[in-house]
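Consider the two complexes below, in which chain A is the common component and chain B and chain C are the respective partners.
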Partner chain A sequence: MSMEKLKPWFPWITLAVLVLLVGAVNPAFFKLSGMVALVADIVPLFIMALGMTFAIYIGGIDLSMQQVANLVTVVATVYLAQFGPFVALLCVAAGFAIGAVSGWITTRQFVPSFVATLAMGFIALSGARFLSGERALSMNAEARDASFGWMFGNTAGVPHELIIAGVLLAFAWFLQTRTTFGRALKAVGAGELAAVASGLKVDRIKILAFALSGSFAAIAGLMFSVKLSGGDANLANGFLILAIVAVLVGGTPLTGGVGGVINTLVGTLIVVVIRTAMVYLEVDATMQQMIFGIILIVAIAMTIDRSKMRIVK
Partner chain B sequence: MYQLNKVDKKFPGVHALKSVDFTIGRGEIVGLVGENGAGKSTLMKVIYGAYQPDGGTITIGGKTVRFQNPRQAMDHGIGMVFQEQSLITNLTVAENIFLGFEQQFVRWGVIDWKAMNAAARRQLAKVRLDIDPATVTSKLSFAQRQLVELAKVLTLEERIDGDLVILLDEPTSVLAREEVELLFRLVRELTSRASFIFVSHRMDEVLELSDRIYVMKDGAVVDVVAQDAAEVEAIQRKMVGRDIDKEYYREQKQKPYDPSKVLLSFDRVSLEGRYEDISFDLHAGEVLCLVGTEGAGREAILRTVFGLERPTSGRVSVKGAPYARTNAQEAVARGVGYVPRERKVEGIVNGMTVYENMTLSQMKKYSSGGILRIAEERALAEEWIRRLSIKTPDVHKDCGGLSGGNQQKVVLAKWRSGGSDIILLDHPTRGLDIGAKEDVYDMIREMSDAGAGIVLVADTLEEAIGLSHTILVLRDGVARKRFDMAPGDKPSLYDLVHHMI
Partner chain C sequence: MATLQSTTTVTTRARPRAAISRDALLKWAPLLVLLVLCAIFTLMEPRFLSIRNFARILIAASPALMVAVGVTFIIIMGSIDLSMEGTVSVCAVAFAFCFLWLGGTLASWAWLAIPFAMLVGGLLGFVNGLIHVRLKIPSFMASLAMGFVGTGLAMVMTGGDRIRIEDELFRSLLTERILGFPLMVYVAGLFLLLGWFIQTRTTLGRNFYAVGGGEDLAVASGLNVARVRVLGYTLAGVFFAVGALLAVGRIGIAETATGNNFMFISITAVVVGGTALWGGIGGVWNTLVGVLIVFVIDNGMVVIGLPGYVQDGVLGILVILAVILSTDRKSISFVK
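Up next is the complex of A and B:
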């Protein structure tokens, strides 16, 4: 089997090797209940990474996701009492709108997505600070349980968080593989010029992709907020780099067009295993971000399609 | 002095240079002419070191040399004045002239700008350009930039021992008549310092300036004529001369078009800076070929029809009505299909499968409520793979992995299967081998039999003549001549070239 044919399987192989290595260091890792808890714990990260997949799949990136999630924790906490469960709609609408604006700036103002989303992220952060009065807010426990308590239950030993993750993954996978929108995303990622020459509405597709990543960031933010029973402008900090790492080590390169949401599932699991390993190996918490930074660089360098890039700045 | 002996260059599928012999003496001006694709630019790239020949030798003053890159060629006195100007527009003239060779002006680790500007002034004097070397290049006119490029190349004179050979690639294409004369006078004067190789589409200019002229065709030098023996007509015949095989272009299959059914109509359409006052009608079953040199406006017209450019004046009607909005979606919805020249970049999506590529422009037809009916897509792809005998293991094969001819068939299948009946073909046979070309010719005939109108920008003039019902010759964005091409009574290549250049 040639390297080229093997390449799509790298993420799976990496995951398997890492799982075996970590298990060898600490056999307790293989205990099912521990594993389930471990995985359930990272569902918000996974959701964020799912959203990030859409942005990266078309060859862009969404750096605003963490701040959108931060904003949503505050929005959810502030408006929970007023809207009850419908606050979820408000949150997703906010994420969708912020993403759509980023997409509009990128496609219509020709601002590269990393700058557009970075700027939108700061706007969202500012909004979160303003709305929260720069304080950590907490939810009314009763209202929280009444509206979103179901999120953290268990059915036949399966945490509901995992079910939510599964449903969103299925939705994203369906969108990616079965719909005209998903096909158009692939065309834009793999060959934008050919997509234009085929008469696709490329701008609209890109704007929608960013709107989707914003919406997923909002869902992740809502889950954070419910889980921690509160909101503040820094709650989701540290998740952006993990979401990007998850997408890239999963095998969706920054140049877009290949990979997808299943890859992101694998990538997220790789991130979890690495995090767990660092705990077992007693890597200092302050060092962890550094290690993920290095993994990010390695993952980009390994996956990027250099034939698509003439000039890098 | 400078000599190429039996130089050969092959690219995958193309024999770009066939045993080319070429010499240039001290102080000589040598012209190089040929059609697009005749091998001129490959030859130039070999001369200035961008390409390494596969066979043959290059000698300078009898010594064999081999250049790995343009810089090494420069060290041997070979300089190139580029057609697309290579100056960096936000640097000053002096900085451009000495770009990459600033070391000579460095004192104490910083550049001595006074010394550099003084040196630049000396270079500019060689080309009689009296401007301040500290001027930012973007402030100069195109003619002045051309001279700065020349001055930059002439710095070789001080840097190296031995003779200079300077290549001028289409140096006159952006110049006005009087600027051209100025340039020519200058080049003649400079023959005391260097030899020149002059490449141009404009035959009269080549004849005027060159001492000898190399005529290229299909990668080979077909003739070398001295200036006093040169005749425009004779050279043009040599450039294009080849018997047209009527069979090859499916001329016997050419049927008259339906003059009562107009699919596309241009009424005095202009696009500023690209073409002006273009009028034509495209009928059902007609192959209309736009003929002209690079930049004559052919591509811009195609892009206008496909909604990628908005004309500055005039009226474009597609099936009786102008576009409500100028964009590609509108064009596709009206039944326009575009087969772009850059097949691998704009034609197919590399990384998507055969069936995904075929339905890309018509996903609406293969989906309900936004959900794709993939089985139908596959069935469509299978049908068209059979109809056009596309060589692919299955419908799931990545299109990027197909051969050029099969990629082109996929692009054509995309439009035909979607019912497009105005097909724009931009160099549809570029880079294809002969068999694949013939397949494309067959497809063109079939499409026009089926009542589609085709606007073609052909790869060669023979192709244009062989395939078309109508030819529109363009020069510098203006329609010079219209030819009706009844089978068996087609104008010759020479008739066309005459109006092109």
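Up next is the complex of A and C:
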């Protein structure tokens, strides 16, 4: 039975082994300042993965996140001068609305979330391209510093990005473990029919889960846009797949009901350690993508808990 | 499922039998969407309905059609394959290297590069299937990771360079036209027929439906599901390779980016065509209709002169509508 007890810790063990391996080959990896900078750098990805966790936790998926983030970078850039810091509310509201519509299409119209969110992503992309006039926009530097300059400051050596990530993680963790909504999410993910039979308002819960993932995508998009001081309909491209990978490697399987936001933290770290390790170990740039894929297969094979999956599809 | 519905239509005497059954409507809904789209575009811009324009649509659609047919088999099994971008890139680059190494023209031994590329595609699919089945990793993750490996492998092989294929005989895929349509359209048509043959006339094809319709039942009736799955991924890999060959034939360049965008387009097309993601329903004809819907929208929007950004939005809305129209709400209690 010790194997059974050990299983939830597999992602942690994978992470520890990876860190030790890289550190053993190149001790420079262990330098604290380098590590903090490294982790601070991936905060937008982590936030996106956090949101993705909600969608995957209920057994769905949200493929619109990248496009929502793209749209938000444009929205933030265009309306920053007009609304100041309150543009953040507008951004999150946009993400929430798009997510809620995806959720509504999935639950009420019986369109699988894979397709519904993919399609909503196209619609968001359309909005982003329209609003940006198909150009890369840049923010007014003064307005940016006045409204969001605090995002990239330091307090006692801790980058504020990390604090934001910590707050969001705490919020997501609280939702997941300490609220009835969180328990309902688990019920829906573990067995939707049973959840319906026990009187849960499953439709509402699922719509809210997608709205949450949309909101997190919006926050990630806002951070991108402030960080890069601009907005563009392609700014966040490439992050969707990484966010999904981070969630899956962390041990939240696509079947739902297992895992959670802490797993996503570990998963994101694993992804980042693998990526960075290749730089530290001086892997040839053209080889990196391939090696990333291979390590990914190994990491997933080691990490996922198959006891809850009857048929592997 | 189908039998259940037909009995209900028979027992409900209130409605006359002459009304079109829901089954038939569902079956033909994607085609109906395609025809309505064509009609709308033609009404708004008569030039849409010309051989020239249809040739343009089919040229753009041919590589994607091959990739989509490949993934159709996987989706019928209720699994998914997201490795196509990597596989297409590797096959394109492997073909280009082999082709140039063997002489660089189809008139020499270089024609061997074509079966070689298909072999490479099959091999990648085989590995993909083995990882999925033997390591018990869900296909979504296994194939996604294999896609990374593929894209990476193509990057290693090319070192980021583009390889030009300038052989006129090979490029005749695009340049040589019969009845107004270039050769690659006919090649795609032939492979579509092959896909249809595999789907309906071979044991393997029937087994895909058995696995997708109910894996428990398939196992209980003694089917070697693991073998069917691995063969399915191998077959899909071969079709991805054909897609890669057509893609190279179309633009005359093989590079790491050759595979870009195939993933979302092909899966969107399969789903829009009416093949359900949970498996057991649909087939290659659905996929043909789905691919045509996607590319007709793409082309029609340009022809009627709508700005580029509208296309994505309209495609998104149509994808949702197409799936809503082609879903029988009575037969499913929930979707994931």
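Just so we're on the same page, the second predicted complex is superposed on the first by the 277 of 313 C-alpha atoms of A that agree within 3 Å, B and C clash if a C-alpha of one lies under 4 Å from a C-alpha of the other, contacts with A are read in each partner's own complex, and residues count from 1 in each chain.
The rule we apply is simple: a residue touches a chain if its C-beta (ideal position, glycine included) is under 8 Å from a C-beta of that chain, and two chains touch if they have at least 3 such contacts.
Note that this is a predicted model, so its numbers are computed, not measured.
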After lining up the shared chain so the two structures overlap, which partner does A:Val36 touch, if you call chain B first and chain C second: first, second, both or neither? neither
Looking at the overlay, does A:Arg183 come into contact with chain B only (first), chain C only (second), both, or neither? first
Can A:Gly199 be said to touch chain B (first), chain C (second), both, or neither? first
For A:Ala136, decide between first (touching chain B), second (touching chain C), both and neither. neither
Is A:Gly127 in contact with chain B, with chain C, with both, or with neither (first, second, both, neither)? second
Which of chain B and chain C A:Ile291 touches, first, second, both or neither: second
State whether A:Ala119 touches chain B only (first), chain C only (second), both chains, or neither. second
Return the chain, chain B or chain C, that is in touch with more residues of chain A. C
Under the contact rule defined above, give the chain A residues that sit at the interface with chain B and also at the interface with chain C. 193, 196
Chain B contacts chain A in the complex at 306, 308, 328-329, 331-333, 338, 340, 342, 345-352, 356, 360-361, 363-364, 367, 370-372, 374, 414
Spell out the part of chain C that touches chain A in their complex, as residue ranges. 77-79, 86, 131-133, 135-142, 144-153, 155-156, 159-160, 215-216, 264, 267-268, 271, 277-278, 307-317, 319-320, 323-324, 327, 329, 332-336
Help me check something: in the complex, which residues belonging to chain A touch chain C? 59-60, 105-107, 109-116, 118-123, 125-127, 129-130, 134, 192-193, 196, 202, 241, 244-245, 248, 253-256, 286-294, 296-297, 300-301, 304, 306, 309, 311-313
Chain A - residues contacting chain B, complex: 178-181, 183-184, 186-187, 190-191, 193-201, 257-258
